[in-house]
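A, B, C and D are the chain letters, set down in written order, and residue numbers restart from 1 in every chain.
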Amino acid sequence: MSDAPSNVGWTREDMARRVAQDIPDGSYVNLGIGIPELVARFVPQGRELVYHTENGLLGMGPSPESDDGDPELINAGKRHVTANPGASFFHQSDSFAMIRGGHLDLCVLGALQVAQNGDLANWSTGEPDAIPAVGGAMDLVAGVKAIYVITQHTTKTGEPKLVESCTYPLTGARVVNRVYTDLAVIDVTPEGFRLVELNPGIDLDFVQNRTGAQLLPTPESTLST
Amino acid sequence: MSDAPSNVGWTREDMARRVAQDIPDGSYVNLGIGIPELVARFVPQGRELVYHTENGLLGMGPSPESDDGDPELINAGKRHVTANPGASFFHQSDSFAMIRGGHLDLCVLGALQVAQNGDLANWSTGEPDAIPAVGGAMDLVAGVKAIYVITQHTTKTGEPKLVESCTYPLTGARVVNRVYTDLAVIDVTPEGFRLVELNPGIDLDFVQNRTGAQLLPTPESTLST
Amino acid sequence: MIDKRVESAAEALADIRDGSTVMVGGFGEAGSPIELIHALIDTGATNLTIISNNCGSGEVGLAALLKAGRVSKVICSFPRTANSTVFPELYRSGRTALELVPQGTLAERIRAGGAGIPAFYTPTAVGTPLGDGKECREFDGRSYVLEYGLRANVTLIKGRRADSHGNVVFNKTARNFSPIMAMAGETTIVQVEQVVEPGSIDPEVVVTPGIFVDRIVTVMSPAHESALIAAGATYP
Amino acid sequence: MIDKRVESAAEALADIRDGSTVMVGGFGEAGSPIELIHALIDTGATNLTIISNNCGSGEVGLAALLKAGRVSKVICSFPRTANSTVFPELYRSGRTALELVPQGTLAERIRAGGAGIPAFYTPTAVGTPLGDGKECREFDGRSYVLEYGLRANVTLIKGRRADSHGNVVFNKTARNFSPIMAMAGETTIVQVEQVVEPGSIDPEVVVTPGIFVDRIVTVMSPAHESALIAAGATYP
């Protein structure tokens, strides 16, 4: 299997914008490191979202214009950020009480693999010489009400990231609700992966060929007419 | 057994002063409701103590001069108090983290009964029609490094409060380190009650007659010469 | 846009249901959200389980809720106070059940509930009647009892000031149970004397972050239980 | 009278012993008490167990302590960072052991240790390699693992300002692990930019109450890890 042609599929920005469309006004949201961070740029007009960063800030704002931010005002990716009006600082135990206690509405994470039962692998390839590092990912998937994944549909070498079952070590079992890729938006349902939306100009076969598990079609009732 | 004659024994103030003498400079101290509250009046010159009240204040000061204190600045006995310079307010879970986590040096409590093995009963007489109420007493005896009891040596009807084993429901098992009464200062040791100090003018027999367990004599090495 | 203010205590409590578990902040009168409790009485909701450190005094606030016969059970550390006659009568007559919990265990159970911790071990109450019958386990040679997290359908608390996102600061020892109860309530309602714009409260000094607060009611001059009792007030 | 200031970081750390468990505050460089860590290196203490969210970057601070061969084990959630070469080498060669703990579980274990809770149940890591082999139990139909409280012989943290009683306030996201590590250390040492008189910090805004702090070191202009690394600094 090869890469999707570069003129096919959504860009990272498109994917992030598409996720942002699905976040209701007033939500408390944690954004993982990488592509998920882009989601913050695309809050639809008329909505207000509160971003949580697990190192101890609620009401996180964008990175400062210049790079001379306070080195002690950072996000979980250790990048300089800002604090919006209405922000609050707190310690790690309180921060993870928010996460574990089910107070966050949504977390958007990257992925190495997502299985059709919702299993997520995103912290380790399990290679013997890798330095293991997990951070807050396992707490987030265990505690946040909804877990969205945003990821390229395949790896750089064309391997499917949506699979029947994960071969990498799990971050959490049966935790993912929805996946946003460059090719499609896909729900994790009790029956498996179900297509929610297809990138215009790409057909189902194209996506199915790049997916390591069966893709159930969109139920007719939800198709736009 | 009858009451000690009123001209015999230390007053409540004497008892409180005697306890205060034994509290090292810089200690963090929780004082129970009743006679223990008096201890705060007798901090020896040159020492600074920090009083904790479990409803959420460290650095508690004396009650305000007039009675028009803030009804939301109270101690565990629900009396108006003040906050000293260096005070801090915190919530209940943090307050009991201080207690349970072993951060307080000393707690001075009242008692219904103290047993020779250190068992303390101070929250309930176990009478069937009593309304049970426990507050923070069980947490204090479970968590504070040293537990001192300050109490009259006998009940109002002359019954011993220092006993072989408690007949009232326990607050905690093997928790009391030392007892200060109107008649004596008594340590709880692995061998049982051991006299530390006798009220001048009272002899050992007088105290032993009012005690429901054997009183071991002061070791000679600790007698003043 | 985020604005958690509601017009009145009545509106804040309109959707409460019979049989709800309700956490009520306060230690004695400090931090007791009397106006929210009175609005709860007005809803008529009954068969409630109340989680609170005390059971109120006189015939206002929590005591009035109890007297109105709305409470089937209290989970509490110290139901007996100098001016309380309501709870003792209900308890002796068997009309209100009591689960007596040591104060620190009550606090930790509430925090655990809010923090997603289903159960924890504590040394408190080991070897006492309040530890009897509980699951017991040794760690490093010391005995501990297993205690379970507590959650509530609704939490009622009183703060001093909030912004419209629900960030709250409190007044002195009125803070007590309120921040942890805010974490443990499915719906947390706070009454405050003043609501300010987001950004008006320094993010370093926020005590309860807005994520734990759902509805804000402004009560500019909240009553104090002791003053109401001194004035002979009853509710309703 | 209470005055927890000591003259220098060297004095604050003089009694540390080989084999100690040391908690070190900070998330990345935010809140990392670099001057205290460098003083710890100067003591020569070795065979240390370090509890910290990260393992440092470059060859300053925590990374310098590791490079000096003083650390036999780290308990940590994220030892791998962009600029870290020291820990990977030690780990691959087996000279430093790693106990990898999810960040929220690490935080809760530290808080539990400081709060006298020996163990608690958490849903985090269930069904993953980091939950494998741990005691597991169901509550209300969901699986949880048992986790144990963590304590330390010494805690090293960085605050912004303290009074001489040890009440501390922090700077923004530099707060992170410091307040809970202060609770869990037998001896807690804090470095701050400024020490003020008791009463100068509003009791409503104290983050770490003085009861959790044993020694205060003034470091007026603390170094930032990223600036040291950019300047090519190493320690010692």
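The criterion applied here is as follows: a contact is a pair of C-beta atoms (placed from the backbone, for glycine too) under 8 Å apart; a residue touches a chain by one contact, two chains touch by 3 or more.
This structure is a prediction, so every number in the text was calculated from the model and none was measured.
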So the chain most remote from chain A by C-alpha centre is B
Distance in whole angstrom between the CA centres of chain A and chain C is 36
When centres are defined as mean Cα positions, the distance from chain B to chain C in whole Å is 30
Chain A and chain B have mean C-alpha positions lying a whole-number Å distance apart equal to 57
Residues in chain A with touches to at least two other chains are numbered 57, 83, 89-90, 93, 96, 99-100, 142-143
Going by residue number, chain C touches two or more other chains at 108, 111, 115-117, 122-123, 170, 172, 203-204, 207
A full list of chain pairs that touch reads A-C, A-D, B-C, B-D, C-D
Chain D residues touching chain C in their complex are 108, 112, 115-123, 139-140, 142, 144, 148, 169-170, 172, 202-205, 207
In the complex, chain D touches chain B at residues 1-2, 111, 113-117, 163-165, 167, 183, 197-199, 203-204, 206, 209-212
In their shared complex, chain B is touched by residues of chain C numbered 27-31, 53, 77-81, 87-88, 91-92, 98, 100-108, 110-111, 122-130, 170-180, 207, 224-227
Within the complex, chain C is touched by chain B residues 53-57, 70-74, 78, 83, 89-93, 95-96, 99-100, 124, 129, 131-139, 142-143, 169-174
Per the touch rule, the chain A residues reaching chain C in their complex are 25-26, 28, 46-48, 50, 52, 57-59, 83-90, 93-94, 96-104, 142-143
